[in-house]
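Notes follow once the structure below has been shown.
Chain nomenclature is as follows: A, B, C and D, assigned in order of appearance, with residue numbering initiated at 1 for each chain independently.
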Amino acid sequence: MSDHLLLSCPDRPGIVAAVTGFLAAREFNIVELDQYSESGELVMRVAFDHEGSHEHIEDAFAEEVGKPLDAKWRIEHADRMRKVVLMASREDHCLHDILSRASRKEILAEVTAVISNHPDAAALAESHQVPFHHLAVGKETKASAEKAALDLMRADPPELVILARYMQILSPEFLAGIEEIGAAVINIHHSFLPAFAGGDPYRRAYERGVKMIGATAHYVTEELDAGPIIDQGTAAVTHRDAVEDLVAIGRDLERVVLARAVGAHLADRVFTIGGRTIVF
Amino acid sequence: MSDHLLLSCPDRPGIVAAVTGFLAAREFNIVELDQYSESGELVMRVAFDHEGSHEHIEDAFAEEVGKPLDAKWRIEHADRMRKVVLMASREDHCLHDILSRASRKEILAEVTAVISNHPDAAALAESHQVPFHHLAVGKETKASAEKAALDLMRADPPELVILARYMQILSPEFLAGIEEIGAAVINIHHSFLPAFAGGDPYRRAYERGVKMIGATAHYVTEELDAGPIIDQGTAAVTHRDAVEDLVAIGRDLERVVLARAVGAHLADRVFTIGGRTIVF
Amino acid sequence: MSDHLLLSCPDRPGIVAAVTGFLAAREFNIVELDQYSESGELVMRVAFDHEGSHEHIEDAFAEEVGKPLDAKWRIEHADRMRKVVLMASREDHCLHDILSRASRKEILAEVTAVISNHPDAAALAESHQVPFHHLAVGKETKASAEKAALDLMRADPPELVILARYMQILSPEFLAGIEEIGAAVINIHHSFLPAFAGGDPYRRAYERGVKMIGATAHYVTEELDAGPIIDQGTAAVTHRDAVEDLVAIGRDLERVVLARAVGAHLADRVFTIGGRTIVF
Amino acid sequence: MSDHLLLSCPDRPGIVAAVTGFLAAREFNIVELDQYSESGELVMRVAFDHEGSHEHIEDAFAEEVGKPLDAKWRIEHADRMRKVVLMASREDHCLHDILSRASRKEILAEVTAVISNHPDAAALAESHQVPFHHLAVGKETKASAEKAALDLMRADPPELVILARYMQILSPEFLAGIEEIGAAVINIHHSFLPAFAGGDPYRRAYERGVKMIGATAHYVTEELDAGPIIDQGTAAVTHRDAVEDLVAIGRDLERVVLARAVGAHLADRVFTIGGRTIVF
């Protein structure tokens, strides 16, 4: 079986030795080991092959390694599927893309719902056998739409919420509700953050006359477009590219950058220390 | 002989026809033709092969095309060397690079002076047979240093001033003086503008946790780091890269992006319309 | 209305003047003009805005420009949809992608059929309302499968056939049949051609220990993987990437590179001179 | 002090535990740890901070870790300068670049000699205070030139020989001689290997009509252009780029790719297993 251990703890000499010593004592074979420390905190991901189920070693690991190191840790099966909710809007290229990757099993995602403030994607979701929920968002309906979305998530809790070009700003209450459920939120921003944070980035990129555009996948935090960056991509553009050309070129960046970030998150490769991500 | 015509004028139907008709009537062969219009202005670059010297056709062109189109235009020999002044500071990798390209004739530059606020690059300039001028810049010496630099430029006017990681902000007076001489000013900024405009961009990029860094070559205008962008480049970085790693990775971006921008400028491939560059 | 003129003819001075003079005389506004010549042949694409329909000017253009220049030419409406047939196999990520782009109208394609040697993509094609044809290909069935595919194409002739990771080599007879119909054929090869032409390129790339992998979209000719290249892309890989990781990274290259090539072809931006493409 | 341990040994469970346990027992702090195994062989690089000199622990490491694991290993000071010989030819842009980086201390190289089959670079080498040796290579002088080069290297043995666009094929005898001295040999090939291995790659790339060109830095082995690849880079080109444009664009790739490979090698980040490099 192939599993991976995820661990974070206060940094001090001997952590890698303690973890790898534990695995070596059981003759488990390390397939991949990454560790990184910053600001006094160490994070670590160890993939290992072994016979039987890892559940048998969890008590021993807690006793021998977890407690002495004052660590937060868990062991995951390498191929466990994670429940994911997709939120989208009219621009549905990322929705198409993530649904296609999930149905092709390119990512470890079981999409349990598509929530959109536009009705257009209903047929798309259906064709992937995913329940579709149209929740219109206007000045007066935003709070109730968010509440309805949260109720949906509480009924079948996802581990990840993906904002696949969901063009609404989430309220702090909504974010808090999702956090309570225990889900992370990943957004794709259609610029090379921190350039052009906020709205209408392609128009602003055009006006500034940049020669490259970008896309940024990041965790969503209360501060708009300021959450930890997971992945970024850029593409060259020229003076000949009008705003709509930037939009078209940008779509391919958005698809790929979001997919890479989601893939890394679902494979438990992303840690966060002090607002920066560690992507193993 | 290979020459190129550079032309800008108010946009209206028939401009390309007028210019190419003029050349066709003389059986000149068009090698390359680029045109672009925006906001009612058209810019055009036509490279053409012909026998004899283009000076013979300038009067006819003025009469038949230039005046009717109300155009600004000039014809350049393809291989005319341009006088260039380099301004640098302690970080001298771009200075190394531009001097090396000039001496290898990769760019059409005759470097007439290196001006630096640090004495370190004297030997480097000398090894390229380029006069070196150390002009220390402090709170009290900035004005006199800029005046001395201007005097140097007035004595042997360059067509281009390159800020090769010259870490000083130029005063409006200094910029006005250079403009009077008729030289353009190109700067290399060590970030993907408009992200991290201003000082210490690598540190700020590290703190923001970006996954790509960039470099931007742009014309210098009065507003800091806001001039028309000529070229940009980006490179992937990871959480493992400390600030000094970003600096090292960034050096290669800076070298290449500045050299590309300078090369395009010296080949008369860069036009500006409304704060955006057209790079043919 | 926005149209574009496509023209190729023997190169000589005056061609651009003749074409643009014709348009100028009618006060048509040139939006974009590209021309390129090589080996004595000139190709040209001019996009122009005008009132009314371009059909009215075709006779005059033939008389005044086409015949004197001995040119092949046509004028196209900028937004005319083209009939496209998709051929796919078990690896269906490019099929997903092209169908998604067609249904989102990112490309000017009306997909009239999906032909596959595997039955798996039936539901996918159906969800896009595209007829699906399963034509099994074995040693003994290849000729009959190709014949059946040709019959389908003859019944509703496409302008483009896209091999979306169709893993079969087309017979010369099949290619000749498609050519007779008048359709171009674009293939996506999962390597940076000419490296690793032929089969199993990711395994061979792994074994060679390359640090970048690529994908290549090209027109199909009789010689395997040797047709004119339309677009290429590359991505960095490391020693940690096993063959299946290269496959996964490569999928994103293949999707994007194939889509860009198809988009350029359908927008009439691709010409061919002597085995090399000109992509305007 | 900052040092790093380099180790390779037959793979089996417990190696990481043994190494990190040794360091932990001495309270040495691991700064960076990379390990990789393939085909039954494990390679590992551990950077660690400690007080005093690592020489004091070498006997204990040999006894407690090296012998039991049947490992080849060494510990290096992080900032030890390595003697390097540069071999160049008429195309001297990589020579400029490596000399500039060495004199700026961007790489851990003390260049002890420049050997060229053209006399042109003498002044360049001199300006960097590096002895220059012109060894003409013709049909009849190749053997004696290689002998003279070997004699130079034997007199002051380098750890690395860099072929900075040295356009001669090294004889097996010369390579054997360099290996005897204990130096590695890195070459920069001006194509994206394995595409266009051998001579004149830019012309062949042009003729094939590729849309990207590349450069490859690799260790030199007896088989031409077939040694383990250390680094590669690519850049987009278009139909407008003639062979000389590919050459110019390629120069920037060559400079950067060679410099990255040399930098990684000198920092002891490159291992080789079965013809593929591991670059930590």
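Please note the rule applied: a residue touches a chain if its C-beta (ideal position, glycine included) is under 8 Å from a C-beta of that chain, and two chains touch if they have at least 3 such contacts.
This one's a predicted model, so the numbers in the text were calculated from it and none came from an experiment.
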**OP:** Note the rotational component of the Cα superposition from chain C to chain D, reported as an angle of 0 to 180 degrees in steps of 5.
**Re:** 180
Original post:
What chain is the most remote from chain A, judged by the mean position of CA atoms in each chain?
Top reply: B
**OP:** Consider the two chain pairs A-D and B-D; indicate the one with the greater count of contacting C-beta pairs.
**Re:** A-D
Original post:
Can you give the whole-Å distance between the Cα centres of chain A and chain B?
Top reply: 41
**OP:** Report the inter-chain centroid distance for chain A and chain D in whole angstrom, where each centroid is the mean of the CA atoms.
**Re:** 38
**OP:** Quick one: which residues in chain C touch 2 or more of the other chains?
**Re:** 240
Subject >> Complex interface listing, chain C residues touching chain D >> reply: 36, 38, 192-196, 207-212, 214, 228-234, 238-240, 275-279
Subject >> Touch list for chain A against partner chain C, complex >> reply: 32, 92-93, 96-97, 100, 104, 106, 123, 127, 240, 248, 251-252, 256, 259-260
Original post:
Considering the complex alone, what residue numbers of chain D touch chain A?
Top reply: 13-14, 16-18, 20-21, 23-24, 27-30, 33, 35, 236
